[in-house]
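Heads up: the structure comes next, in structure tokens.
The first chain written gets the first letter, and so on, giving A, B, C and D; residue counts start at 1 in each chain.
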């Protein structure tokens, strides 16, 4: 009963925040609402027995996305104006609400039907539970991500790389040297705080990585936490934008894909199946590489710069 | 060998992309060459294997579907892969000069290009609906920055609009997948066929509708094409070529897979869905054709022509329920092939013209036969294929489509096909007429002399046009190859 | 049927619908991106709810799919924001004008003159 | 598929393609190389065709077959009809090339002109040697493509307007043809051209389908053959340079259409079947109407080239009329007119070009007294005009004689009426021209002008004119001699018709 009450409050909160996100006149408020929305979603994931998602949503969905949105908002209103929606022609306004309602209704109906269905036997999920032992980890989500559907994870890393490449390409097209200015404000105690937070974020990341095998966690959550540390260093001016991507950064960006693919290819070359990781050690090795690439990509995307360097 | 070749088609460009990111002067060149050059050789291996067995599966990680993800190669997939290798390859040759690997522009261009190649290969080989979602996103997120690389305001605007709509389309697709997985417990494109008959029709129909809507949006099918013309017209030449010849086709390809492979024949009101899509195709053909006729810039004419020509690919769908299906299928795929080659040739030629003349406005093209003879020749030869005049691949495609329409008794299709071809003739000849025009004596100064462009760039465009022409003579083996993997016609109840 | 599942189903539908509304009614690119992310959130929620999340024995496949989806969403958003900044830099605007066709023609004319 | 000696029709076609492509590649400046190349190509082609002629006499057969689609081949072969048309076009190409070199001296875009000129002849060759309707269609459409740049060659707004009209008609005709072909293919498959056709066995029960197919194909060919009411592109296309007009009217385009009609009746349907379905009557009436209508309109034209164009509209339909009337004599008349009309009409167009180049003469009134100034051209023009009218013993008379005799033999005496009316009309629009040239005084303005043609151009222009005029004369005078067009046409019918 208490659970139901929590769910109800959570659901109402989520819907309200979503509404605020699209209805707030102030764009800053909309972004902030979206970040809180992400945090509530992360609670919802926890309630839905998806702790991996709860961690990922908090770190990536709310954390990194929120930071990206905020910093973009900041850069957009350089002239001091919060971008505000101009009035739409009446005609299109008339159509939006019925369209949205119809879409929501459709989902409710279909979902309702789906919920009442008897469980389909032999789904991919059932098989994943049954054959988890073959992977060498006990967290089924990690098993799916790095085992049964490892290929998805690899292509997803390629998506992340593409996003960074794309962001770099559009940011620096034909205007080398133009870099975003620093966004930080130095406040007393920041140094002390940082010297605490950054090591903690590294620790947490490592913990999440190794826990991923048996408990909630993994490369994505760990990578996001590590990225959060990097974002802090950037925001507080410990790191600044560099005009070029350094060699180390280049290696770091592709490390995840390269280690993952080469491991897979090696297995195939030695008579195994493509991407069949040979045991837990291989999973951890690949996950470490993924974590580093994820963290680095996210920090660089946040900084909107080709590279980073220590503040001189 | 076959497994290795299939895997290589995806992973070589992927690792090549990684290499191009690495530091060092040689890394970019090495990455590009290693990522692209071996593809045709791998394809030869795959093609030979598919000739033997027209339905090749490779289980990644050794996990059988529905648990694992499978790669699937059949004649349709191989045809698409060849198009990626040939069109993408020649466009890359063209791009080598505009985006030299050592330059900052090249540093931005080549990793994205290789990732796009890898993503398209992966997409054409994937047998898993969710993996296809990831592939679609990878295609989108590599294609759009490539558009924006043109750097102009128009191109960034077009990229932004394309991105928003593509993300929306992906979400619709994902929502459909979510419903389908729930209803069937599998994500495998080929296993889902049997599961779908047992699933609740309401959920499945909604899911199919959402997926199709998403794909129609990504495939710029009329009336969801609004993002395409500016995006394709404002991108750098080789990118335009690949966008029009390959990237939009990924969505059409998935529509084929979904409706002709995954949906059990003749169920779930599929005839109506296919007819609806064919009507959209007819609309695209006519609307795109008329709009192409009204454009004042060469690249926009070509881009609207893409909107129109995509229509043919949907027109064949209702014939799945008729006896004319084998001919219709051959015609559709031949159109896919010949349009890809011709359209890529036209975009590359248009890029050369834009480079050489500094403008691609039709009114600035006069005396093109003296200023850019090879580009004009390319436009003309590719145009012949596009209008479906003989001798060209486009002609054979249209012949097959007409024959199928006739045999299936779909007279409205016949009329649409003819009208589409005549519109194409009108906008192509409009370009040619503009190119043969004289200097206007009343104008103060004659058009500027042209800048010279590398002969290889001309050659790449011309070669594609000649290939479009050449497919007019090489149909027999290609059609025989396609025939082996054609989806079965629905037995009419 | 688990009542929690119904609650989350309704939530998912509402969030998707609100996202769609936001996408359609706003012309601010930033807001449209927020809306797209909301829609994604709604879909993820639906996927997990239908995947038995409320019943205690969750299906790991949808969870993995959503995890992948979240990473893809952040990637796409990050690139979209970079593109938005570029657009802002070029046009001084944070929206894609409704009258894009007229603008495109103006652009085309301007380009032709530049050349 | 064999690429050996058997494939000679392919090579004859390719000679012109290669010439065209090389001319494109040479560029504008290298005039002498281009001239040499053009002449070499034309001569080589003529030689190859003569070799083929001799070989066929000796019993050789030629065939090149390339499968294009399941059940559809690209087939090039050489039967007697092929040789009739091929020899005509190869010979006239050579002559027209010489003429064009002189005509276009100093004018811009010659590389483009000669390139497409060659491609145009290649397409004509393909039309001539096509062994089935599908192949015929391919080259027929190629002909459209290759002639369009020639029609718009001058690049003026009028030229582009004419080009648009030309395309609208020919592409629409192509569409009709394509639909007819698809229909025929689904009904009967892609049969080769065989004397008397291949359709008789499937005719029972399919009469209306066959009628529909015939009408579609007839209209498709009728556009290029300028059958009423599909003719009006032809007079407009007169904006093209004179050699183009000459070639369009005498050899390539209108003849391709007429040739298509011949193939359609003789080698696809077979005369018997077409007649039994009432289709030959339809064609005969259309042809008759075109003959009269074209002549009447020619009478009204004051522009010399337009008058000649309407004359073509009228004269080309003699071919269709002869074929549609049927019987040995009328068929011979129709076929021989393919050659006679070609020779005569090219003479007249060359003359018109000469007048225009030398003195800027475009309208009929300006011809007054030019016989003194340009005697050779004027004699040629007179011969051509009389030949067209059908004054014995010139070529036109031979045609009309056979047509008339054939009509009586075939029981269609109304054809005689058409012939007589047409002859009177021909006389009415040609004799005044001859009268003006020889019997009107040269206007004073003209008398003061110096000779309009340079020496070189005089040779290049008047030489070919005289040559074709003499050939036309010979075709009529020596019609009874072995080797004449009449001889060939008779052999064709006698050897192959039942």
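Quick note on the criterion: a contact is a pair of C-beta atoms (placed from the backbone, for glycine too) under 8 Å apart; a residue touches a chain by one contact, two chains touch by 3 or more.
On a predicted model such as this, the values are computed, not experimentally measured, just so you know.
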Contact-richer chain pair (by C-beta pairs counted) among B-C and A-C: A-C
Far-end chain from chain D, centres as C-alpha averages: A
Distance between the centres, which are taken as Cα means, of chain C and chain B, whole angstrom: 25
Length of the line joining the C-alpha centres of chain A and chain C, rounded to whole Å: 14
Mean-CA-position distance for chain D and chain A (Å): 74
Cα-centroid distance, chain C relative to chain D, in whole angstrom: 66
Sequence positions of chain A contacting 2 or more other chains: 107, 114, 123-126, 128, 149, 152, 156, 159, 162-163, 166-167, 170, 173
Multi-partner residues of chain B (at least 2 other chains): 130, 134, 137, 141, 144-145, 148, 156, 159, 175, 179, 181-182, 187
Junction residues of chain D - those touching two or more other chains: none
Graph class of chain-chain contacts, one of line, ring, star, complete, other: other
Chain-chain contacts as defined at top: A-B, A-C, B-C, B-D
Chain D-facing residues of chain B, complex: 369-370, 373, 377, 384, 389-391, 395-396, 399-400, 402-403, 406-407, 414, 418, 421-422, 425, 429, 432-433, 436-438, 472-473, 475-476, 479
Residues on chain C engaged by chain B in the complex (per definition of touch): 16, 23, 29, 32-33, 36, 39-40, 43, 46-47, 50-51, 61-62, 65, 68-69, 72, 75-76, 79-80, 83-84, 86-87, 90-91, 96, 100, 103-104, 107-108, 111-112, 115
Chain A residues touching chain B - in the complex, by the definition given at the top: 106-107, 109-110, 113-114, 117, 120-128, 131, 147-152, 155-156, 158-159, 161-163, 165-170, 172-174, 176, 246-247, 250-251, 253-254, 257-258, 261-262, 264-265, 268, 272-277
Touching residues (chain side chain B, partner chain A) in the complex: 3-4, 7, 11, 14-15, 17-18, 21-23, 58-63, 66-69, 104-105, 108-109, 111-112, 115, 118-119, 122, 128, 130-131, 134-135, 137-138, 141-142, 144-146, 148-149, 151, 156, 159, 175, 179, 181-187, 195, 200, 202-203, 206-207
Contact footprint of chain B on chain D as seen in their complex: 24, 27-28, 66-70, 74, 109, 112, 137-138, 141-142, 144-145, 148-149, 152, 155-156, 160, 163-164, 167, 171-172, 174-175, 178-179, 182-183, 185-186
